[in-house]
């Protein structure tokens, strides 16, 4: 066939090679760690075992952390969809200054998110700004205890990742042709129905793309729970970090890591069955 | 004038699909040659084989006496005008047009001279600095032409370049394209599915269907003497009257329609395959309305079931008991056709019009 | 009715922007506040934290490392991903969707897992931790994102552009250089910025792989643990100023670009 297509094809190989060597190969290495007992470097004979994986789902302590991570990332996603939908809708349909507002929305991303999380610590801590304001107004007598709870972790995650939801939502909403809604109203639908049947349904791809950008980082978050959370808000990310940096058990750590990766992939793939996987890259928001 | 292009027994398959099947044709130097056919007939495949973008599975392509086998597009003295025009979006008009000269390492002075000549010829003077996105459809068309013509190709390959234009602009561009071709004398090989385009511009038309060329000839010859049902149907409009018998009585053909009508024709019976069904083909404008039957014509009566006013023409659909439903087209010359209230009309056509084809 | 709704949405959007920007504004205020703590009322203007910040060699080194890592990983990642996209979408592949699905894996996994895999892999082959490894890991994370961004835009790129260039006498390589890359420039810029942002914000992967070096996020994280000096706030003021400058440059460059050729 065309020689142009053949030559173009060769351009893909450096990237594919990189992907193979620096992504798939490392993944296979931790896969080996996760199903063996000792370090591969030690030189001792390798013994295969499933014990690393079994403990993830058997030890009550680990299971609690796993479920907590799922719950918190789920709520982060739901809240961020709720928060950002009206904003995305306004940007897409009700204003002509949408481009500059989108650029403004991107500004916080350039300022490291740890600094932004630190600001939330200033706001939420016992003698923080929120409590100073509320006590100054005599709305409360003693400080609200928000800091170092799951609530503060959730607030931090929502704050950090919500703008990530706005962008793909905005992209999917602004692509909806207004004449579709007019047609639906014309055919006798109420405004409410027209919104649900047309606008909302067509924005589902945006919600899906946004969910990838919110749910997955929230599920694997480490720094936000480490800064804002207390002992009751340890998430999988912190648990994995602990396995590698404190406990030093690479085999168990690898099993945790793979479980987290598999969990994220399975959840997203089953979720994507609703939309079709290609909607991820069809959506220009990301 | 010799043949600039010789295509000899070329075939090309995509998997099980035969895109082009054993095609041969020649294009003379300076000719406007059109490949006309419905989408999927293989006409674009032929064009892309000539341009060097795909290679034929078998057969030979000879351009200016040289076998083109294994010669890449940038080494061929052909140039293609693409269906989507493929203007480079990040370059302005001038950069687009002189791209080919720059790749040929032409000296700047020569580039300037050639650029000036081509924009003058194509009426693009003063557009050089414009971004291509700021041009109208017709201007974009001409930039694409200029970009291909400036490198002075032996053959210009055009892949339905007018398809995206609206009707009025398309017709204007047809005239212009023909004029440009006359002026510069380059051989044009034009691919289209639009029979009107092919008829108005071409010196020669090759009608294609299902990967094969089924008839070649000048536009008027192909229009007046199609030698098969496909060509007759694809080019212009026509009536196809199913026949039950055709007899040659020496001077005329004595013809009997399936519905019973009997008439004569001065045409000859083309060679037919056995088991094929004869059909009488006549163009709507060859049938006249009126009862002043001249000599050597067939006269029938029928009822008008629909009439459509088309400006210069008036079109009737007439139900004739002996022939079936026919389409008749008359010139709108201001005098009302002789149709009474009941819609009954008499119509006729000359023995020398129409022909027998086989299905 | 419709006006009332859009009015309400407008107010909501303003509140949303206030919510997004309030923490940043607080940080800016305390970067210039004389007091050590973070309490109102404010105690007057000072440059003290800026001076302390610039005297802190670790902070300077961290920012430098962050810039090196973000620029190199974004550049490598954008080059690889654009070549990958052209090759995969505009080249002859038997089953492009199989490759695309595999290439999306890094997007579907938390970056932490990619960092851990890189850590274990490089320790196993006994490769020393440090900035090069961090760059490699960041490329692995961001390449798939850039690939997705490029892919959503390359659909608008018609292969006939490249064919036209070759038809007019360009070699294959100059068709890539003259036509394909410039046509995809907006997507390439968007991809680079995204990859830069991913790397600039990335903490956990860097934390595992950086060894004895430091980057901006690492520096901030360690500051957060030891008690917070307002000089940390200075960083965000500087970054914000820098960001504004970049945005201004991009916006004016974008306008300029659009005037030459609105793609």
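Every chain is named by a letter (A, B and C) in the order it is written, and numbering of its residues begins at 1.
Here is the rule we go by: a contact is a pair of C-beta atoms (placed from the backbone, for glycine too) under 8 Å apart; a residue touches a chain by one contact, two chains touch by 3 or more.
Every value quoted in this text rests on a predicted model; they were computed, and no experiment measured them.
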Open item on the list: Tell me the shape of the graph of touching chains, choosing from line, ring, star, complete and other.
Closed with: complete
Open item on the list: Taking each chain's centre as the mean of its C-alpha atoms, which one lies nearest the mean of all protein C-alpha atoms here?
Closed with: C
TODO: Tell me which of A-C and B-C has more C-beta pairs in contact.
DONE: A-C
- [ ] Go ahead and note the Å separation of the Cα centroids belonging to chain A and chain B.
- [x] 58
TODO: Determine the centre-to-centre distance between chain A and chain C, using the mean Cα coordinates as centres, and give it in whole Å.
DONE: 16
Task: Centre-of-Cα separation between chain C and chain B, whole angstrom - done: 55
Open item on the list: Quick check: what residues of chain C touch more than one other chain, meaning two or more?
Closed with: 163, 166
TODO: Could you tell me which residues belong to chain A and also touch two or more other chains?
DONE: 1-4
Open item on the list: Give the residues of chain B touching no fewer than two other chains, as numbers and ranges.
Closed with: 53, 72
Open item on the list: Going by the contact rule set out above, which residues of chain C touch chain B in the complex?
Closed with: 158, 160-161, 163-171, 174, 178-179, 182-183, 185, 260-263
Task: chain A - residues contacting chain B, complex - done: 1-4
Task: Residues on chain A engaged by chain C in the complex (per definition of touch) - done: 1-16, 18-19, 22-23, 25-27, 29-30, 33, 40-41, 83-84, 86-87, 89-91, 93-95, 101, 103-105, 107-116, 118-123, 127-129, 132, 159, 162-163, 191, 212, 216-217, 219-223, 227, 237, 240-241, 244, 250, 253-254, 257-258, 260-261, 264-265, 268-269, 277, 280-284, 286
Task: chain C-touching residues of chain B, taken from the complex the two chains share - done: 51-53, 72-74, 78-80, 82-84, 86, 88-92, 99-100, 103-104, 131-134, 147-148, 151
- [ ] Mind listing the chain B positions that touch chain A in their complex?
- [x] 53-54, 72
